[in-house]
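Look for chain A in each of the two complexes below; its partner is chain B in the first and chain C in the second.
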Partner chain A sequence: MNFDADILDRTMKEKAGARLEMWLSICSRCGMCAEGCHYYASDPRPEHVPSYRIKPLLDLYRRRGKVTMEMLETLRDVCYGTCTMCQRCTMYCPHGIGIAALVHAARGVAAAMGMTPSGLASGLQNALEFGNNLAVTEENFVDTVEWQLEELQQEMPDAEAPMDREGAEYLLTFHPRDIKFYPQNLYNYLKLYNAAGVDFTLSTRAWDSTNLGLFAGDVPAASRLAGNVIAAAEALKVRAVITAE
Partner chain B sequence: MKALGFEAPLWLKRTLGFEATPPIKVWADGLATGRLKLKKGFHTVPVTFQDSCNFIRNAGMYRQSRQLMAAVATDFREMHPAGNATYCCGNGGGQGLMPEYKKRKIAAMKAKAECIRATGASLVVVACHNCEDGIQETCKAYEVDAKIELFSAYLAEAIDLDEA
Partner chain C sequence: MIRAVYDFATGPMLWFSSAFFLCGLAYRLVRYRVLMSKARQGLPADFRPGWALASIVHFLLPLNRTARSSPWSTLAGFGLHIPLLVVGLFFSAHVVMVEQRFGLSWPTIPDAWADGLTVLALASLAFLAGKRLLHPSLKGLTEGKDLAVLGLVALPLLTGFAAHQQWGESLLMLTLHVLSAHAVLIVAPFTKLTHMALFFVSRAATGSDFGKREVGPW
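So, the complex of A and B:
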């Protein structure tokens, strides 16, 4: 399999900010981070030490121009396959190196090369196309909210679920499965915010605040997804967005 | 939380016209001001709490989460380590969508499974959907006899509507 060396070169230049270069260069492989990782705690192998996860990216920078497909595949498997980007390891690093941010950058290189794992890639595609990663339509969303509100009004007659109400204090957002598979979750959120007398609104155009672009390391896609919610929140002039996860 | 709260201003190179807030903060504020009425000691089942990376470690909601748990649970049991130092649920960073790496993911959940088992809790409350799946898989793979419930559901059940 071949890859486009120009795209690789461009992506690596884009990623090479001061923060990334500093972190890559100051990691001394001391191994203090090992204790931070649940992969290592559960299965103590050298390749589960978090500092190992920055090696494939460092190798790409060191071997600029002489990168092989095998190196890219290693980068993909290490960075998608052995890290949850939970940032626990950073608490144990004497330099506070953001390993998750470096893994994110490495995933970004793989994503630019078209090597995003397929499950993540298809969820991301849905999110870009429909505004949520489970391809729920606006009509389905509005129906589900109305349905759960009616249910809630059985026990809380004054309950509300205002839609697109400008000037509310909070914009309430969800994980798409709250809407598609577990409407009971939506019921519980509406119950909590109504019971607490919170001044909130929902948005018909941006209600999914999850971001698969973040997981994929795909910054352009992640920016577009975040941009949906940001545009809605700013148009509604809310003080804060309550995030899903 | 991570995307909108921490990363988006960097991606877009501008400040946002609003702040991103974890739901836990809004619920805890409601509890503190007395507007959210919860039935004290409503939940008696031994329970522990999975501290999610974004709401707890990154957004700093440890104290708020425990205030809410203390309000409704009579038998709360901390995992060790807990709070900012707790182990990941195993399902972060999109691991739930990458079946090709599932074997490694499950292997890495062992540490968490032993933490949950050691509490003796029969319920794990989770604040994040990724954690919900992660803890479910952890308990199943390592035969930990505990149910999993979202924090929102756990609290919603305990709302005191007569007082409201």
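So, the complex of A and C:
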């Protein structure tokens, strides 16, 4: 399999900021970060030491111009497969190296090369197309909210779930999984916010709290998805957005 | 012959290495600054100096979770860095040399301390190298370079200690000591040793980042 060397070169140049350069050059691979890693805690292999995760990226910069497909595949497998970007390793690193930021940059390289893992890529495509990563239509979303609200009103007659209400204090967003597969969770959220007397609204356009663009390392897609929510929040004039999970 | 090398190494070369070392580190810092301001153009300033400073302090002192999770490595880290600084800057022979070449002077530590601290530093280096070679997970991560840097730092310590103890031929030891110290100064800006300057930058950056979420990265 071949890849576009120009895109790779351009992306690597784009990603090579001040911090990436600094962090790649000062990591001594002392391995103290391992203590913070849940991958390492459950399976203590050298590949699960967080500083190992930046090695494929470092190799890419070291062998600039002579990168092979194999190196890119390793980069993809390591950076998508052995890190959740939780940043606990940074809290153990004596230098405070942002390994998650480097993993994010590495994913950005893989994404630019069209190497995003397929499950993630299709979720991201859904999000860009439908505004949520599980491709729930607006009609389905509204139906689900109404259904759960009716259920809730049996228990809490005054409960409400205002949709697109301008001037509310908070805009609530959800994990699409809670809408599509676990509506009971939506029920509980609504119950909680109603019981707490919070002044909130939902949005028919922007209710997905996840950002698979960010997770995939695809910065343009991440900005677009975040932009959806920001636009809705500004149009509804809310004070803050509450994100789930 | 050795005398000529020694005179050169403690004379003109001292100026060269010190200048190269300082300019090299300054270059790294300025480069960071320039790249950073280019990337942040048009973005609102959001640096948190208080959190940045706290982040540096928590790791200059063993006030962090790493000190608890990796106590031996932390001990070795301090056992290496404190002697390097204290002996490097305050050992009588070093101060005398700086006074002769650059005309500056400051107080010194007793020579016996320097011996003890050097042994501590070498023991710490041995521990760190041993951990790299023997620890089941670190073994796979270690590159030749990582050990080379440890070895390079050990050289001036070993030769300096030997010279002070008058082991072997004293002038030869001293010459090797000065030459290996030059080597450390010259490679410092372009190897992992750059952390002597960038440690502060990296800790500050991460401290500020975590601080925005009201969490200390320590």
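The rule is simple: the second predicted complex is superposed on the first by the 245 of 245 C-alpha atoms of A that agree within 3 Å, B and C clash if a C-alpha of one lies under 4 Å from a C-alpha of the other, contacts with A are read in each partner's own complex, and residues count from 1 in each chain.
Just so we're on the same page, a contact is a pair of C-beta atoms (placed from the backbone, for glycine too) under 8 Å apart; a residue touches a chain by one contact, two chains touch by 3 or more.
Since the model is a prediction, treat every value here as computed from it, not as a measurement.
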So, does A:Ile242 touch the first partner chain B, the second partner chain C, both, or neither?
first
Just chain B (first), just chain C (second), both, or neither: which does A:Cys30 touch?
second
Check the contacts made with chain A and report whether chain B or chain C touches more of its residues.
B
Of the two partner chains, chain B (first) and chain C (second), which one does A:Met91 touch, if any: first, second, both, or neither?
both
Figure out whether A:Ala5 sits in contact with chain B (first) or chain C (second), or with both, or with neither.
neither
With the two complexes superposed on chain A, say which partner A:Leu212 touches: chain B (first), chain C (second), both, or neither.
first
Pick one for A:Ala231: touches chain B only (first), chain C only (second), both, or neither.
neither
For A:Arg177, decide between first (touching chain B), second (touching chain C), both and neither.
first
Looking at the overlay, what does A:Gly197 touch: chain B (first), chain C (second), both, or neither?
first
Which chain A residues come up in both lists, the one for chain B and the one for chain C?
48, 91
In the complex, go through chain A and note every residue touching chain B.
38-39, 41-43, 48, 77, 80-88, 91, 100, 103, 117, 119-120, 123, 155-156, 170-171, 175, 177-178, 184-185, 187-189, 191-193, 195-198, 209-216, 219, 222-223, 225-227, 229-230, 233-234, 237-245
Going by the contact rule set out above, which residues of chain C touch chain A in the complex?
31-36, 39, 55, 59, 64-66, 69-70, 73, 77, 128, 135-143, 146, 149, 192, 194-195, 198-199, 201-203, 205-207, 209-210, 217-218
Quick check on the complex: what are the chain A residues that touch chain C?
17-19, 21-23, 25-32, 34-36, 40, 44-49, 51-52, 55, 90-98
Residues of chain B touching chain A in their complex?
1-5, 7-8, 11-12, 16-23, 26-27, 30, 35-37, 52-55, 57-58, 84-95, 97-101, 104, 107-112, 128-130, 150, 152-153, 155-156, 159, 161, 164
